[in-house]
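What follows is a group of structures, each given as structure tokens.
One chain, chain A, appears in both complexes that follow, with chain B as partner in the first and chain C in the second.
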Partner chain A sequence: MRKSRWFGLALGAWAMLEMTTAAWTQAKIIGVEGTSFDLVARQDRITLGDGDSMLMWGFALGEGRMQYPGPTLILRQGDTVTVTLRNSLPREAGNVSIVFPGHEVTASGGVEGVLTREAPPDNTTVVTYTFTATRPGTYVYHSGTRPDLQVEMGLVGVIVVRPANPTPTPDCSPVPQGHNEAPPRSLCAGTKFAYDHPDTAYDREFLILMTDMDPRVHRLVEFGRIREIDTTNFFQTVWFANGRNFPDTIANAQVPWLPTQPYNALFLMHPGERLLVRMATLGRDPHPLHFHGNHVRVIAKDGVLLSSGLGAGSDLSYERYTVAVNPCETVDAIYTWTGALMGWDIYGHAPGDPLAPYEFIGDHGANFPVILPSRDDVKFGQLYSGSPFLGGEGFLPPEHAGLNVGGGFFYMWHSHTEKELTNNNVFPGGLITFLGVVPWNVPLESE
Partner chain B sequence: MRSNKVSILLEQACLALGLIVVLGGGASAAEFSLKAKAGSMTLPDGETVPIWGFALGEGPPTVPGPRLTVPPGEGLTVHLTNLLPVPISFVIPGQKLPDNNAGPVWTDWPNDTVTWSGSRPEGNYSARVRSFTHEVPPGETRTYTWSTFEEGAFIYQTGTNPAAQVQMGLYGAVTKNFSASQAYGHPDTIFDKELVLVYSALDPKMNEAIASRRYGPGTSTPNTRDYVPKYFLINGKAWPDRYLAKVSGTTEIFVGDKVLIRLLNAGYHTFVPVFLNAYVTARAEDGQLYPFPRKQYALELAAGRSLDVWLVPSKSETITIYDGRLNLTNAGKPTPGGLYAKIPVIGPLTIYKTRYSQATKTLKVFARTKESPGTVVLTAVGFGDLAYRPSKRDYYGAFSPVPMKPDSVTVVSSAGASDTKPVPFTLR
Partner chain C sequence: MRWKRFLSIVALVSAVGLGIGVCSMAQSNFMVQCPADNDGIDADGDGDPTNDIVCKHLTAGDGFATMADGTVMYTFGFSEVPEDVPPGQVFALRQVKAELPGPTIVLREGQELYLNLTNVGMINRPDLFDTHSVHWHGIPNSGSIFDGLPESAPTVKIGATFPYYYATLGKEGTYFYHCHVEVTEHMQMGMIGQIYVLPRQDQDMVLRSSGNPPYAGFAYNDGDGSTGYHVSKAIQLAGFDSRFHAQHIAIQNLPFAQLKDDYHLMNGRGYPDTINPNLLGASPENNGHFSQRMDARIQARQGERVLLRVHNISTTHLFTVRVLGIPMKVVGIDGKLLRNGSKDLFYETSSLTIGGGQAADLLLDTTGVPPGTYFFYTTNLSELINGQEERGGIMTEIVVCPASGCGT
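Then we have the complex of A and B:
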């Protein structure tokens, strides 16, 4: 036990070091856009947060490698979408299919199953699923064949449908200096919309698919003992955000050492931006995603705006600091952060200094409320910049990883089922990720 | 809100009326005589599990128990006869305790012999509550009365040692509507068809221990700590039971129907019913109206919860409900099991089956219509009329000789509707 714990920590440190080689600038949903997708179910392996290697069944795009989760399909409202599925899994996996909750799907080819048409494991038969993306929103897809086993094994994915109306190009220049609202309603001159209403405007969007795993099942499959699997005995010990466990969740997307886990789960923003947080769960349990830094405003569930009627916007939206997402459900929420109402100037300004972008005027020049302890009396966390101020930098000990280039504020976002913050019983791990609020002089990739 | 007031006034009026009628010798209350009995349930994989259940009369008990329907404006009276070896009781979460309850029943744990009713016996700090209301001792009959009853869908269940007794099967659905075609006082709650789906689960090991009295302090199964459900049930059935292939039963669901589906969870875990190929509108929870409708495809059905959702099918197809938490197996077996249920939806005129026999040169066509039986004439174009079959409530035609298998067949109705389907074809 002790050995594996040290190994986990060592691996974590290694992953952290790797992260410094590339700047944290990826701040968008990575997926594949289009109206026609060729998916293939394949067997491959993933790496857990503690370094373990796990056999998986997952969806691959065409001749690519299987990935966990499957490719995020990014659609445009009104498009007629075709998804083909071929089953390249080993014979003992049996048939495979895809269901798309929230869409009216026509399936053809293959053989009839309980939920939809299925592809036998012959690597030849093609099943075709067709639907029209009638509503914008966040959706899931997953295997509709023996889902109690195949969802566990990794045959899961997410669909994002963007509204049909033309999306205005974001124009955030010039960035307004200072504001008096807490939080501001909409910030850039042009904004993107999650749904067909200005209430759903956002500057930057992220996705978090939460899943769980019982490694015993994967081992029984790997050792040819699939007949011994009893899915009523499930007991999860590993939890995922976008197919990765912490600390891999905050590594960059598409890193070479996680070839079958291309998506990360690091949220990044500039102060004052509106984040659209798309949440989804697949697997056994709901995961109460807990936000630090601010509440979120829940605006939609299952791809339906929380609205009292046409044109009413998200008038039934509500604020939460924890959002439990049940398996198969999706929830969309808006998150904003400006540091307003902290009671001290987060930039460390003197009263006469110019305002920072979206700085809360009410706190401008207000003193930092405590006297910082001496550097000999503190432990320097890996995400501490050396300064308590946003955009500030200061002394860091020589052995410090120096991960927080630019002096951002980092807030942990995590499942509040605290048991899920582990990788096989070792903390920290599992369903932990971070929101990084970085100053405007640190560029973030635009979509 | 006004309509709520009206319904409260109505209830008060009915209560007053009920009292008057009581004085006159009768009660304005739905009256049921239930018997709690031991029985058994055979699951689709052949496993037979002992159960305790309720029955209306002399037949075997069912799981869930019989659905009790309280007519608009009325109260409820249940005469419960206990043919089980242990005391039981009768409660309905979401309603008040029965009018004639005498407080909880306390017992001298772990002997479980001496009992008290009402408050904790004075100075006794080891007594435990065994029942939420008055009990029915084995072999006897007791009455539970509600002079007023809230509208909605609810679970009735034993109120005695519920951790053990409810999972044995001592539960069922009780509903009360505002009127024959409206669930609550709000006009949004009008319905054409009503389905009640009671979700639950069972662990055969626990049932066997409790049924054979190997349960309780000092036995091999001292409590329900190790309860791990192996079978997952909708109205007491697990997939692939034929019942679940058409969970709407004899209620035909047509395109455009306002179908009120009452989801109830009598199990001990949360289920997440997911409607495939359809959205539903959730309108009430635990018998309480939401301020606004909620359009969803996935619903959180926590243990003990009641959800009223409306399904308005837009086309002729089969809508499947499955559990988002993946309780989709019978005891871990690889074939589909557990919480799948299907609702076939038929159009104004739907051909649901076509067959052609090369040997007999016969074409068979099966169809259904929304119109009342026998009021329309259905014609298979080029072949002839279909005949109404009262026993199957469908229209059927066998045409012979048809020398070549046609690619498709079209049926037209004298009411104007038509449908074309390939040959052969089966609606799923």
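Then we have the complex of A and C:
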């Protein structure tokens, strides 16, 4: 259909751009570390998944360009952090401020606002926000001035606070060849922790900030008709993961053709690794984020470990196949995938073959259960390797983009309010991204 | 390395070919794969070692459903091929129409499911050549080949059949399935169905007899009978945007941006059709074929426990559901027992918010509940509608009978 062809074109174009870089390796949290950050509110443009260009207000780091979302601030627990804000927006945007939900903030400079001190649009006045990052976790920050308009316009960002306490003794045992229970142990339990407890160990971490947009608001701002904006009849038609719409969500981070949308939302892992998935929503609606491939275990909300008491770890954690993240809420979850109990050997092993790392012993050597239809009977997905096996390859039709180098299993992670999988009336788009489970012989960027 | 793997795959495929009882038929692409269960192992623990393989033959096509206010809506959907239809005639006879919801699939933990999906095309939209798929939403550790994503797997063209395979050991719980091709459109059009896996613990007669009266089964392998129930009902919350369906059959551009359900459904029906025990949907547009074959009535005797397996598959709405007058306990969410190690995370509530793609297992205890009619409905009052008609949408009735019985 028309829509599918568009999808093919978009992915194809994207794939060609990607060929100059190492595709499928760029997946991690990109942010700025430190204790002092100079943020400037600026106006600029972003590109939507359907190619449209949209006027935005957003945060820039110092003299850099505005970006959507704002810079991810990576803090260390216990640090006293200073964020300064200057307002370079056009005069009609009015004052701007920042609120940091979950932190006790002292604000100085600027002028008094409803929620905190604000910077007038004079490109000179500096407001200083100071807080101590007392607890590890995932947090958001956003404008506290007319948030109904300014959050919509893009003045949003995420804060990650890493735990300060010495972590428990690392147990960097070698990658086990096979296992017989699910879930597996971490590759190197003790290396990295989301919170101060071994339950929160992870091998890789990713961030997904979900936002939405009513383009009418942005057009009225652009045409100088800001007074006509009625935020009470807000109606979203575009949805974002880390400031991008699908398929841009799975392009590399920091690509030159998306200069104001530096973050991607591609998730990559090896079988058996533990992913820390940091989720956040800003905007109007909750987004039920559905995880293909496996459940996640939700370990924290709003930077608070789901724990019955000190030292109990995440004993109140729970598994979900869909996590609804409410506006201004954050959720941290651990995801892992081994293919256990699938009933067939996902590597296509014969019974005598050596085990793959974290391979589920119970399925080792088990036959593939069906005969796949002939190539004429099916349409091949752009992320299909041509083989049902992890690390496999096989026939793909000539027009196929061949994006799945290495034979990974690709799982869509997406909003299950399926309307949100569109960009302004065009499917597919919006709040779609992918997790790629790639075999251990395909190297992934270490963090 | 790669060459070796290729060789082993070829070897495997041919080996598998020998082991599978392939029905031969006029058109090879209607091949239905259903191996015999002759391994001698009683995988589901029910005492019969020959019934652990479940085979289903579903079609994906189109049809019409009738809303509670009489509006007939064009749909896409799944249907089950009756066993007496020769595979070669599935497509030719077109006798298998879209159902709303699709056929419910119930498995016993340990069973394996071979789900053969035949794309019979959209007879009312012959201009469309969409493929279809089955996505078993939420199954733990899925393999991408059987995950139904058109991006990461092959999906089946019109006139052909794709075999999906699922093992269920360790996967007891409440799930659902839907087509994942053009997913916003195909789900809104009705390609949705229920699937759940009964726990191995159902074979534990000692634990079952710990209920009074003995439990019919358990929601999960809880080890202590705490999820035991006497009556269960699976309820799918969904919705239709009438404009989207009207535009679709009129071959107009589909209004994705304006998408907003105005018919809210429980098992494919709005109240009061939810309590109608009859087959529905046999409109002239649907050639008299019943497309809505499932009600949402619930009936229990006082003192019994009712398990509601509820999920939301609306493409536009989150729902808050409530039962008035009967205590409700959440014992499972998203196909998992609400328990962490030995710590129970069950909780009692009178309402629960379920977003798209979420499921919950609710245990209603009718002990001491006076016999009468109780309502299970959404508290989002604007969703108690069938289009322009009030007092409809997501609502059904729970009839609590005297402990002595429900009579006739």
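The definition used in the following text is that the second predicted complex is superposed on the first by the 413 of 447 C-alpha atoms of A that agree within 3 Å, B and C clash if a C-alpha of one lies under 4 Å from a C-alpha of the other, contacts with A are read in each partner's own complex, and residues count from 1 in each chain.
One rule holds in what follows: a residue touches a chain if its C-beta (ideal position, glycine included) is under 8 Å from a C-beta of that chain, and two chains touch if they have at least 3 such contacts.
This one's a predicted model, so the numbers in the text were calculated from it and none came from an experiment.
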Problem set entry | Superposed model, chain A: greater residue contact from chain B or chain C | C
For this session: Examine A:Q382 and indicate which partner it touches, taking first as chain B and second as chain C; both and neither are also allowed.
Result: second
Exercise. Who does A:F37 touch here: chain B (first), chain C (second), both, or neither?
Worked result: neither
Problem set entry | chain B versus chain C as contact partner of A:Y202, first or second or both or neither | neither
Exercise. Between chain B (first) and chain C (second), which, if any, makes contact with A:W413: first, second, both or neither?
Worked result: neither
For this session: Based on the superposed arrangement, let me know which partner A:S308 touches: chain B (first), chain C (second), both, or neither?
Result: both
Exercise. Which holds for A:L316: it touches chain B only (first), chain C only (second), both, or neither?
Worked result: both
Exercise. Is A:Y358 touching the first partner chain B, the second partner chain C, both, or neither of them?
Worked result: neither
Exercise. Looking at the overlay, does A:Y335 come into contact with chain B only (first), chain C only (second), both, or neither?
Worked result: neither
For this session: Applying the touch criterion given at the start, work out whether A:W239 contacts chain B, chain C, both or neither, answering first, second, both or neither.
Result: neither
Exercise. Looking at chain A, which of its residues have contacts with both chain B and chain C?
Worked result: 286, 308, 316
For this session: Within their complex, state which residues of chain C touch chain A.
Result: 2, 5-6, 8-9, 11-13, 15-17, 19-20, 22, 28-29, 31, 33, 112, 114, 128-131, 135, 137-138, 140-145, 147, 149-157, 159-167, 169-171, 180, 182-185, 187-188, 255-257, 259, 314-318, 333-336, 338, 340-341, 343, 345, 353, 355-359
For this session: State the interface residues of chain B toward chain A in the complex, per the touch definition above.
Result: 228-230, 239-240, 270, 272, 274-279, 292, 294-298, 300, 315, 320, 322, 324-329, 331-332, 334, 336, 338, 340, 428
Problem set entry | Touching residues (chain side chain A, partner chain C) in the complex | 1, 3-4, 182, 237, 286, 288, 290, 292-295, 308, 315-322, 324, 337-344, 346, 348-350, 353, 367-374, 376-384, 387-389, 391-394, 404, 409-412, 415-419, 421-422, 424-428, 434
Exercise. Given the complex with chain B, which residues does chain A contribute to the contact?
Worked result: 94, 99, 101-105, 112-116, 144, 146-149, 151-152, 227, 229-233, 283-286, 301-302, 304, 308, 316, 326-329
